[in-house]
Amino acid sequence: MLLKDLRTEVLEANLELVKRGLVLYTFGNASGIDRDQGLIVIKPSGVDYDQLRPEHMVVTDLHGTIVDGNLKPSSDLDTHTLLYREFLTIGAVVHTHSEFATSFAQAGLAIPPLGTTHADYFYGAVPCTAPLHDEAIAGRYVHETGLAIVNHFKQHGIDPLAVPACLVNGHAPFAWGRNAHDAAHNAVVLEAVAKMAYNTLTLVSNHTGVSQALLDRHYFRKHGAAATYGQ
Amino acid sequence: MLLKDLRTEVLEANLELVKRGLVLYTFGNASGIDRDQGLIVIKPSGVDYDQLRPEHMVVTDLHGTIVDGNLKPSSDLDTHTLLYREFLTIGAVVHTHSEFATSFAQAGLAIPPLGTTHADYFYGAVPCTAPLHDEAIAGRYVHETGLAIVNHFKQHGIDPLAVPACLVNGHAPFAWGRNAHDAAHNAVVLEAVAKMAYNTLTLVSNHTGVSQALLDRHYFRKHGAAATYGQ
Amino acid sequence: MLLKDLRTEVLEANLELVKRGLVLYTFGNASGIDRDQGLIVIKPSGVDYDQLRPEHMVVTDLHGTIVDGNLKPSSDLDTHTLLYREFLTIGAVVHTHSEFATSFAQAGLAIPPLGTTHADYFYGAVPCTAPLHDEAIAGRYVHETGLAIVNHFKQHGIDPLAVPACLVNGHAPFAWGRNAHDAAHNAVVLEAVAKMAYNTLTLVSNHTGVSQALLDRHYFRKHGAAATYGQ
Amino acid sequence: MLLKDLRTEVLEANLELVKRGLVLYTFGNASGIDRDQGLIVIKPSGVDYDQLRPEHMVVTDLHGTIVDGNLKPSSDLDTHTLLYREFLTIGAVVHTHSEFATSFAQAGLAIPPLGTTHADYFYGAVPCTAPLHDEAIAGRYVHETGLAIVNHFKQHGIDPLAVPACLVNGHAPFAWGRNAHDAAHNAVVLEAVAKMAYNTLTLVSNHTGVSQALLDRHYFRKHGAAATYGQ
């Protein structure tokens, strides 16, 4: 079976989303990429999670052409492929409609870095894209969704691995990482961070975030050459 | 046993409500209709969910006269029968007191379409009925509850399958669908949508909803001849 | 064993509170009364719920004198006994620190009847007592807690079976009923009603409650000679 | 094995945090001290909770020098050791990013004593430290975190066993107790108290807390020579 290990990793990332309560029914999808072969493994569309097996995963090239698989890929495929083409350091993408991250996306609000939990994973605010124009919605909508993410990161000079998630305005979050495990992990932490940001902002509405010094301290504790966290 | 398959489907819809945390104790009820025979299968009143069996379901005609069954039907029967008589395309009705949808009903507020999760299922706001007059409450109350729903949909020209749910003012939601599975599914998604709407509106109180273009895009992605979602 | 059946009923009521998520650790307690013998069965203080057996229950008379049992009774005993002495129609009392009912008690706010879920169980607002004076707190505090409840009901002419719960200001709820099963059931529904009232009031802060007609309709549907709910 | 019993107690305290939903992934850590030997047992950094065994615990002296163990200790070690050096009556320390306590820490708000649940465990507000200066963050950050806690308690004359928890500004809570069981218990109750304080303050924003008389009554009911709670 083509890309057997990657299929298993992508399946496990999908199931992690279910286990952590981030998806309802068939909402949500995860994918991973084999950069050497330029092939993407993605969840099929609308299949129950408890029936998903590695062989159900769909394999496409970087432009979404199906290379292997009998099922239709996730309807969000074109967002995934664009992220892989534009963010060359990422190895996996996850999309959920998790409750609190989606609520911020619906509100059109970025999630400001309000504490160290956030800073341990996201080096600055998790941004929210600009709303799509009607033409973009009526046109190549799923592709345009990816463009809105990519454009925001490029215009603001954000490293996708330093802030491995983005809220799509009026829609829901995308998260990513070096591999499928990390992408799912980031999506789970994003939801926890969003929940605490919701609580914090409903207690103190004008909070804008922690200091740059705290962001630096926590982010570099877990990332980069000087990281000290874990074994 | 009369309508054996429909009894099983209606029972499964009732149990899905329990599994998803939408009902407490014996709150909530689901029914389904056999349009050919003009017969309705509905949950009995006040029976514990873990004791419910297909043979406990009550069969009535379209005006609520019991055709088969020894137990009393759900006390909300007259709302169900009216919805079946007036909304000819629906095949099942579900009623719950699920937490967030009920909170909007208690607030007398429609749930505006704040994002794509909503738009995937409800083509516009999930409306809230006008409060009942005292005479309606003291009179044929359960029937009047159905009338309030039907009148709202007719006056606003809403297709019941395009917006398969309604909040009853000061009471709780009703949802429906082509069959019992869909009706329960819609009730579950309604609760998720209501929860995220609550979060969104408590972050940004003056949000009125996404664009018509986004509503169109998401709704028609899942519904109608051009639907592309799922297998 | 003295009062074997009542011990079992009281134990089951205590465990129902755990099952429904109303108590943390050893918080909360339930009791029941045998009116013929004038004897009360109550949970012992500070014993883990998973170790509770019928023989651990403490039996006291109506003034709290221990008649049977080696363990100390719940520290809230004097509130229970006063409620039994003053509310002659009740057969059981339950006390929890359930999250949302306690939050209203801490806010010093009654829970207004905002919808039919409330009206099905509580015929009007669930009241909140006046704060205790410092002398009452420093004196017979647990007894004074009961007095605050009883005084509120007497001064406002509320039938304890029509509104089978009260919030103690700055403390938490007490609920009761004809028997231990009903008292625990009322405590569970109170928490659900409090949660939805919280949501409703944070959406629409000036909501004062549903009409008297709706209160009448729902309350009498489930209570009294003309009740139509259930089998 | 050195300090076998303490290792087991500390492990159990760590697992209690998981069981009660206070930690996500490898967030959170607990430690305990053997005062006679001057040795601290602490959770290793970044190890999955379901793989933790007593032999994985790390033993250090009061200044954080590792005495026994092959794994790296929790990255929060220097906060733990400082608390043990300065708060001589405590026997264990717990750190979590539990949702509501962390939300108050992010908001920079103390948790005021809004009811008896709080008063049973915390004799006054659970304080929130002042934000750290950039130099402290860039310097001995984990040590400075402990200093911020200790300085607050000393400046305000708070007995660490009377208020066995503190919120670190922009970070999360620390809790402690006479032993590992008590420290974990206090962390769990702190989260419940924080959740109810959140609800209370979003209902009544200007609430400042219960009376000193109520604080006294409840605190001394459970603590000190005149305690009457439990067996």
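The letters A, B, C and D name the chains in turn, as written, and every chain counts its residues from 1.
Basically, a contact is a pair of C-beta atoms (placed from the backbone, for glycine too) under 8 Å apart; a residue touches a chain by one contact, two chains touch by 3 or more.
Computed from a predicted model, the values in this text were never measured in an experiment.
Undergrad: Would the interface of subunit B with subunit C count as same or different, where same needs over half of all numbers used to appear in both copies?
TA: Different, since under half the interface numbering is common to both chains.
Undergrad: Based on CA centres, what chain would you say lies at the far end from subunit D?
TA: Computed centres place B farthest from subunit D.
Undergrad: Take the average of all CA coordinates in subunit B, do the same for subunit D, and state the distance between these two points in whole angstrom.
TA: Spacing between the chain centres: roughly 47 Å.
Undergrad: How many angstrom lie between the CA centroids of subunit A and subunit D, rounded to a whole number?
TA: Here the centre of subunit D sits 33 Å away from the centre of subunit A.
Undergrad: Spell out, as numbers or ranges, the residues of subunit C touching 2 or more other chains.
TA: Residue numbers touching two or more other chains: 202.
Undergrad: Indicate which of the five shapes (line, ring, star, complete, other) describes how the chains touch one another.
TA: If you draw each chain as a dot and join those that touch, you get a single closed ring.
Undergrad: Among all the chains shown, which pairs meet the touch rule set out at the top?
TA: Applying the touch rule to all chain pairs gives A-B, A-D, B-C, C-D.
Undergrad: Considering the complex alone, what residue numbers of subunit C touch subunit D?
TA: 24-27, 44-47, 71-72, 75, 97, 99-100, 102-109, 131-132, 134, 137-138, 141, 170-172, 198, 201-202
Undergrad: With touch defined as at the start, can you tell me which subunit C residues reach subunit B in the complex?
TA: On the subunit C side, the touching residues are 114-117, 185, 188-189, 192, 195-197, 199-200, 202-204, 207, 210-211, 213-214, 216-217, 221, 228-231.
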